[in-house]
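Input: a single structure, listed below in structure tokens.
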Amino acid sequence: MIFDLATYVLTALGLVFFTAGTVGLIRFPDTFSRLHALTKADNLGLGFIALGVAFQVESLAQIATLALIWALALLAAGTVAQLVARAALTTSQEDE
Amino acid sequence: MTLALDLALCALILGVALAAVAGAGVFRAVIFFITYGLFVAIGWARLGAYDVALAEAAIGAGLTGVLLLAAHGRLRRMQADTTERRSPTLSAALAGGAIALALGWAWFALPAPQPPDVAQALPQTGVGNPVTAVLLNFRAWDTLLESIVLLAALLGVWMLARDADWNAPLGPRYHARPDGVLAYFGRFLPPIGLSFGVYLVWAGAESVGGAFQGGTVLAGVVLVAMMAQLLRPPRVSQAMLRAALVLGPGVFLLSGLAAVGLGREFLSLSPAIAKSAILIIEAALTISIAVTLALLVIGPAEDPEPGR
Amino acid sequence: MNLTVFALTGAALVGLGVYGLLALPHLLRRVIAFNLTGSGLFLFFGAAGARVGVLDAIPQALIITGIVVALSASALAVGLVVALARSSGKVVLPDEDPSP
Amino acid sequence: MTALVVVVTLPLLAALAVLVLPERARVKLALGSVALGVLAALMLARAVWQDGAVLLTLGGWAPPLGIALRADGLAAALTLMSALVMAAVALAARFEMRTRRVGARAAFGFWPLMLLLWGALNAVYVSRDLFNLYVGIELLSLAAVALVALSGTAQALAAALRYMIFALAGSLLYLAGVVLSYAAHGTLDIGLLGERIPAHSDALALGLMTAGLLAKTALFPFHVWLPTAHAAAPAPASALLSALVPKASFLILIRLWFEAMPDLASPPAILMLAMLGAVAVIWGGILALVQKRLKLIVAYSTVAQLGYLFMVFPLAGGAGSAQPWSAGAWTGAMFHALSHGLAKAAMFLAAGICIAAVGSDRLGDLRGLARQLPMTSFAFALAAITLMGLPPSGGFTAKYLLMTSSFAAGQWPWALLLAGGGLLAAAYLYRPMAALFAREARVTARPIPRVWQAVPLALAALSILLGVLSATPFDLLQIARPEPAAEGL
Amino acid sequence: MTLWLHLVALGLLATLAGALWRVWRGPSQADRMMAAQLVGTGGVGVLIVLAALQDWALLVVALALALLSALAAVGFVKAQTPDGAGDPEEQSAHHGGQYHPAARQKDGAT
């Protein structure tokens, strides 16, 4: 029961963060502030979703997989954000 | 509730596809196509086709995306001419509309036959995952030919090298700052990817996974390692490379012929050894698929500075 | 009902892809359209295979094979597009009919 | 049964071996495998001849669960014809695709691609499974596209891309039909589909598959990719592309319309296919008439010659299948496929020799070449006899059979078309022959090894022999010929 | 719980639709790519939720997606560098870590 409650709260939090990230992505004025807002929000969002779902799992292996997914997403997002920021810095332009 | 979810998902799939086809700009189309692969993978998950979802996530959202992004970058650097000729838009729209309507009509006209009973024959195949049983046992000939299709495509891509570049290493000369985040990422990812890919092949016998999915993940690992300059791009002439390419189809073909040698049908696996035989074939296939896919993405041999 | 949604989405994707394959001049976009058509077809196939309750394993296996074949074809097509652009400077097909 | 296994696996194994073995073993291995392939095809034909169709359920799983292979007389004949063409092409390529002539890249790539193409052809000839056929024709198309692009020029790349777009669109249409067939009947096996309970979606499925296969067979109006693609490839590759590749998709059409869904062969559909074939014969002939390059003439003649194959639909398909003349018409069309394969390969290989000798295939540059290359010019002339349908060639037997059945069926317009197409072929083939056999010699030709010159001659002679000794192939083609459709009556 | 998880999945899909707007709008290629990255992360989230709803085997799909969507982004970064094979960090190191207008050139034409 308490596990279910944790799931409700945590997934809702995750959803809030995802929404915040998207709003930032839409509303912020320039590429860099968008980038900045985005990476924070979606990592936290995914983290809360994974954590929330973790309260429903059937085995430890699934928790480990969830943790791995989150770690991977964190790492990838961090790396990619850094690289894209650099790339945008050196070659930033309106495309097409 | 599930209907709302599926409707939302399908609306996204269609919207993204429409944006990829109708939106101006090639780069935008490429990015929309990458997100398209992701939504379709979720769609497969909703349909209960987990093996397909895995393949679509790995191939549609991953490898095809890299392939198209790299090609777009090259075209941009060549400053290629995209002056467009007038296209027969109306007739194309009519053809597309007609085929969509025809398929839509067919959906409601289709009888629902009983499919072949895979479950009943499953115990004799040596594996518990029915999709793997179909791919590696019931319809092994398809899978064998498919692994050779990959090889044919790679040969075709290799033939696109300029004659002067033929002996150069394959693909672009990737380089990265040794202490930069890219190199760090390139060192961190391969161990995880490698174990995950191997896991997928091994697990594919009983649950979600399989040689193609595992091979695709491994190809992704190889690509990241190459992009982070941890792995040198090979040359066409390397014997090890060619051996890796033909290992999978070769083992598959020879095991099929071994059955003939033992007086059984071509490509048959006796239930007693089927499980281990399938694992061996899949392991060999995975290596070939991983190498072939990675090389398909990086492209033909090229010398970045011709004339030197 | 849910299956119908997926099947009709698949049918619409096929139509969209065929339109793109015929109407888009940029060759890279044609490759994308080809992939959309293929995956729409597979979606239709998947929905059809799921009508008997659980999804039939044979369509799943065929779809996986089809996805890999489509990737092979796309890779060759993309390679050809890049090679053509390198040697002729164009990303659209020249108007045809060779000089007799 | 063993022969069938060898026929489908040998080319693939050889392709893999060519990739791993060191360079000097490459050509020897390819030649050896081709020789073995001819032998295996002969064995298969003998097995079919003696015991009827050879059936193989792969992995021991009978359809609908598994895939069945079946070699009937037609498949055996096509396998043998392909093996002979492959052998000739390999012998010619030994000279033509040398590193010194075409560079290391093309000299390497040609061999595995040729072998893969061959493996795909054999797989398609004998497969009974619609999806397996899809994988087979994809392998075929990818190898063929790569062969077109082999020379690496901008023209070749554009031709390869145009071919690729048609091939991809064709595959998708075919695949759409396959999906509908499986969704409606739960099987992909051609034999089981023949016994199916008809569904409303069948006509759509057959229509989609047919449209896709027509694009791959390059039937008018889908022929636009063929001439440039076939002319852009190196001559040995052109020989394969023109002589063999369209036959594979045509064979699938035959399997669909005569075996899987013969009940759907309605008169309008059949007439439509035949009319497209007729237009192809005329239009391809006219375009061949105005070309100035030898390879383009030969390529456009392929567009025209493929049109004859579609005479099989009005004369032997649908309601006609139960008629006494249907056997003749069916066999005539298949005879045409065989003799055209041999003759067309001979022509392209001869064109390759001309290009090697004078460095061009413009008709003006070939004048008087017959003096320096008598064997090659004679080979071209013999092949031309087959394409015109003059006795005693295989082309004559084919047209004779088709013509007698069209008279017997009272469908004389097709007889008129056969005669007119023959005249047109004579007209467009006269021009290169007049150039080759002209009195004045414009250029001095580089010397060409006699063995190489003998290769197209042997193929052309075979295409004539097919007519002289037509009884055996005639009987072979009858073995396990599709039964007349019960509902066609 | 089932209902709630469905709602979460729907909510996630809705935010992804918002991110797609940015992919459409751009204006720079980096904007589109980052938005696609958010779509990727969100897609992983949806799959995790579906795993809880339908079958835990879907976690494997989520993992594969997380792994390979990073690959696409790295491919994008590579394609953005002047020779199509470099590393943005390396580039800025070359130019003394400074923003260098010369690298701006010839990118307008796509």
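A, B, C, D and E label the chains in the order they appear, each numbered from 1.
We take it that contacts are C-beta pairs under 8 Å (C-beta built on N, C-alpha and C of every residue); 3 or more make two chains touch, one makes a residue touch a chain.
Because the structure is a prediction, the values reported are computed rather than measured.
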### Summary
Under the touch definition above, the chains in contact with both chain C and chain E are B
### Message
From the centre of chain B, which other chain's Cα mean sits the farthest off?
### Response
D
### Message
So, comparing C-alpha centroids, which chain is the farthest one from chain A?
### Response
D
### Task
With chain centres taken as the means of their Cα atoms, state the distance from chain A to chain C in Å.
31
### Summary
Chain centres from averaged Cα atoms put chain A and chain E apart, in whole Å, by 11
### Query
How many angstrom between the C-alpha centroids of chain D and chain C?
27
### Message
Please tell me the distance, in whole Å, between the geometric centres of chain B and chain E computed from their C-alpha atoms.
### Response
20
### Query
chain B: which residues touch two or more other chains?
2, 25-28, 46, 48, 63, 72, 74, 99, 103, 110, 114-116, 118, 138-139, 142, 146, 149, 152-153, 156, 160, 162, 181-182, 185, 189, 192
### For chain C, residues contacting two or more additional chains
14, 17-18, 44, 48-49, 58, 62, 65, 69, 72-73, 76, 80-81, 83
#### Entry: chain E residues counted as touching two or more neighbouring chains
16, 26, 29, 32-33, 35, 60, 63, 67, 69-70, 74, 76-77, 80, 82, 87, 89, 107, 110
### Task
Provide the full list of chain pairs in touch.
A-B, A-E, B-C, B-D, B-E, C-D
### Summary
Listed in rising order, the residues of chain B that touch chain D in the complex are 99, 102-103, 105-106, 109-111, 113-118, 121, 137-142, 145-146, 148-149, 151-153, 155-156, 158-163, 166-167, 236, 239, 242-243, 245-246, 249-250, 253, 256-257, 260, 264-269
### Summary
Interface with chain B, chain A side, in the complex: residues 68, 72, 75-76, 78-79, 82-83, 95-96
### Of chain D, residues touching chain C in the complex
131, 134-135, 138, 141-142, 145-146, 149, 152-155, 157-158, 160-162, 164-165, 168-169, 171-172, 175-176, 179, 182-183, 224, 227-228, 231, 287, 290-292, 296
### Summary
So, in the complex, the side of chain B touching chain A is made of residues 24-28, 181-182, 184-185, 188-189, 192
### Query
Which residues of chain C touch chain B in the complex?
1-20, 22-26, 28-29, 31-33, 35-36, 39-40, 42-44, 46-52, 54-58, 60-65, 67-69, 71-76, 78-83, 85-86, 89-92, 95
